[in-house]
């Protein structure tokens, strides 16, 4: 945009009251005023109503209705006043360039470059030390800001509280017996003493009465009496995989619908989950209680950089 | 003021109003409930329910004595099991022969690829499928749908009694559920842990894999809830008494009946109880949409 | 009296000149210029209701036993955050209304930002000299989404807790530093040591709103400094703005609109139940509900995570969870970068370095309009993909088919949208006057049998002609000029 006209002050004449620009927008101003007035009265009544509704009870609907009607009607009235009854215009405002003159720009550049150059170029050492000091300060200030927030992950992400011999208990702490679940039953279990712990959650499924379920090679002994146990943390984003379809023998994550084939080591069949749910090897002890015959052989839950 | 009434305002305003009303009504639970049949909230099975359209076959006249023998004491709480009266068996066989046997076979032992074997499933399983209207099947699909039941309460129990008589003592029995002093708080916890992953926390149900779905729970009776917990219909896992005790099953049933089916919605329309999907729909179409129309009114000048 | 106080202030602050200019500021009369105000006013409602809520909410993960009004929760061990959210809904008068209005205001805030932004984009209002304001606006959108998520997480109910769990996993997915960042943020492995709720709280009620307010000030300041854009029209040039003055016309309209926007939010707040946390219950990391979705403005991220194939990269003893990192970090990163850089991308492409104060009609810039439509389609498809389960349930379709549909649709639909939009724009440009109301033609038969056509009588709205625009008058003659005698008229220097 090149606005060549210089910005001059010019006298602005007053305009007459009957100038068309000052006329209301409405063809029938009295009617418009009546409508606006009625609306504003309704608004007033609405606010009174809100006060009453508040004092006589705590009903959300009455409060919202009265307050809403009050605001709506008052707002409608004010807007109608502005739209229909105020000077219709149109009015115009001049627009001017933002940029300064070339001379001003030159002066600004000169001030920065030459004045700055004069001091910095002559005292390069000081400039460098200032930069060094500021940068160091910036870095060390990050320590308390970031590092104090929490512990380093260390090995935590690879560990759970499942150990050889851990008893399977329900969230209430009840020990799970081998005859507790019927075929096609599911139960969320934890290692005894860690009920409710997020990384330890395991879903226990009974697939059949006696037969060993179909297991990947090397895992044939990981289930017992038709029971299999998998980490309940989805390998996609860590939601609890609590949805078991017994006819298809699939675990489904309710968050993003990853499907895991329970009969085949919970390998993902569909959806975004990349890895099978880690399986917990379980066995039954002489007292008929279910126990872990080992911990997880890998990190549970979603993927992360340190995971091999 | 005539300008206000011009079609250019009226049409979008009416459209927006219609969209809004459809949105609100379509998502309100009331609309969903109006579709389907009876949803009795009585905690005991009612044998004296109003007669339904006569099914194919011979209607059986309920004998007063048999009705009276099958009632749980209404002042008790818990889950009770009694054997169905022996008098139910004969009429049940007749009903089964004319309504069910074409698929499930004369001896209810099913046919491969057509219909499952019903023996050993127990009266409770049969009662669930028939009383929810899922059986007789309307048309073969992935999953039987709930519809108004073909048989009345007595007829249903008669069929169940006959199937049970083929394998006495085996399978899920028909429970009598008394929810009198049930622990809603325990039911809430149990529901969240065991049921919400499929049926959703508000009991609206949702789609499963393979074209199946977890049905909404708004029409289920307490008897049906306990039968489903115990028998695991369709894709639902089966929860035996070692997993969910009778007391816990009663608490879940009471929670579903008392809270899921009659949710406390002090905040207004529940928008279907499907969470942010319905809320986003209403917020964008009704909220932003109507305010945009207001903008249009304020800003235009012709 | 007013005169006296203004003089008193002006003696000290010198506001008269700038203040007068501000009162004379012209706002173009076009409905699409009001869209940003919906966002402004929902933000006002957010602040007001948020202050109310902060008086009752307790940002603490401490476990207590619930003993409030909602009976099915009685005796449950819940966090103080959850208990206070439920009790401010049930036991504080007007609390539920305020909480729901707050939530609806957030939904509407981000929704109106989206439509406002679409208006700015499709009319080219972001072009020189307004690139700064575009960037400020996009920054507010990002902060608004972040703050919406933070606020959604605070009640510690089952649904929001699932969202926090997912947030942890997303942070964890960042290569090299992910697990460190996640541990720092949560104070340990998920669910952390109880610091996440207080941390989210201080971010939600102080830090992010403060940033938004600073940016909002900059947004409006730049608007006043650079003045409004306007559509082409009678008397409208690159060097002026035609419309209504700030005072009184615009002020009346916008005050009314503030009231009406607030009314809409509170009516929704009272009649459309949102986020009934008492039904959801306390969050526990091993519990889940089906049909859990984030609020709508996060939906596109959730949808992207759903339709992403399971492409995990494993090698050299490390894992990059691309199935999370790509849709949840890289995808929004790319989208927001494109948005922020769009003014520069476009000007590089068009080599257009001129000032632009007159707006484009979308059809006049077919490529930009088509690109915008493609972007909207991409985001829309990922957005709808976040409700695949609900959609499959309502439409009775297999869930897998719905998911596969969206896997293809996110790629194909934007391309189709681009070409269709491009075509439509060109067709519309070819047919000038399209969409305008046409005057009816009346066919007359003269007495000699000759047929002629003439325009019909103007109907309401047909013959409306704008007057010539004039500067906002400062002095209005209350006396008709012919009656003025003697005393001169005051004149003002502008």
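Chains here go by letter, A, B and C, matching the order in which they are written, and residues are numbered from 1 within each.
In this section, a residue touches a chain if its C-beta (ideal position, glycine included) is under 8 Å from a C-beta of that chain, and two chains touch if they have at least 3 such contacts.
Since this is a predicted model, take the numbers as computed values, not measurements.
With centres taken as mean CA coordinates, the chain nearest to the overall protein centre is A.
With respect to chain B, maximal separation of chain centres occurs for C (centres as means of Cα atoms).
Pairwise, the chains sharing the most contacting C-beta pairs are A-C. Averaged Cα coordinates give chain A a centre that lies 17 Å from the centre of chain C. Centroids built from CA atoms put chain C at 41 Å from chain B.
Centre-to-centre, using mean CA coordinates, chain A is 34 Å away from chain B. In chain C, the residues that reach two or more other chains under the touch definition are 29, 96, 100, 253, 256-257, 260-261, 264, 270-271, 284, 286-292, 389, 399-400.
The multi-chain contact residues of chain B, meaning those touching 2 or more other chains, are 2, 193, 196-198, 208-210, 266-268, 298, 301.
Residue positions of chain A touching 2 or more other chains, listed in rising order: 60-61, 64, 79, 83, 88, 171, 188, 240, 242-243, 254, 257, 270. Residues of chain A that touch chain C in their complex: 1, 3, 9-22, 43, 54, 58, 60-61, 63-65, 67-72, 74-83, 86-95, 97-98, 146-147, 149-153, 156-157, 171, 188, 190, 196-199, 201, 232, 236-240, 242-243, 254-258, 268, 270-275, 301-308.
Those residues of chain B that touch chain A in the shared complex are 1-2, 193, 196-198, 208-210, 212, 232, 234-240, 242-243, 266-268, 298, 301. Chain C contributes residues 29-35, 37-38, 70-76, 89-90, 96, 100, 104, 107-108, 111-112, 115, 158-159, 253, 256-257, 260-261, 264-265, 268, 270-276, 278-281, 284, 286-296, 299, 387, 389-390, 392-393, 396-400, 402, 460-461, 464 to its touches with chain B in the complex.
Those residues of chain C that touch chain A in the complex are listed here as 24-26, 29, 93-94, 96-97, 100, 129, 162, 165-166, 168-170, 172-180, 182-193, 195, 225-227, 235, 238-245, 248-253, 255-264, 266-267, 269-271, 284-292, 302, 305-312, 314, 317-321, 323-324, 354-355, 357, 388-389, 399-400, 403, 466-467, 469-478, 480-481, 489-494. In the complex of the two chains, the chain B residues touching chain C come out as 2-3, 6, 8, 24, 184-185, 187-189, 192-193, 196-202, 204-211, 213-214, 255, 258-259, 263-271, 273-277, 279-280, 282-284, 286-288, 290-292, 294-302.
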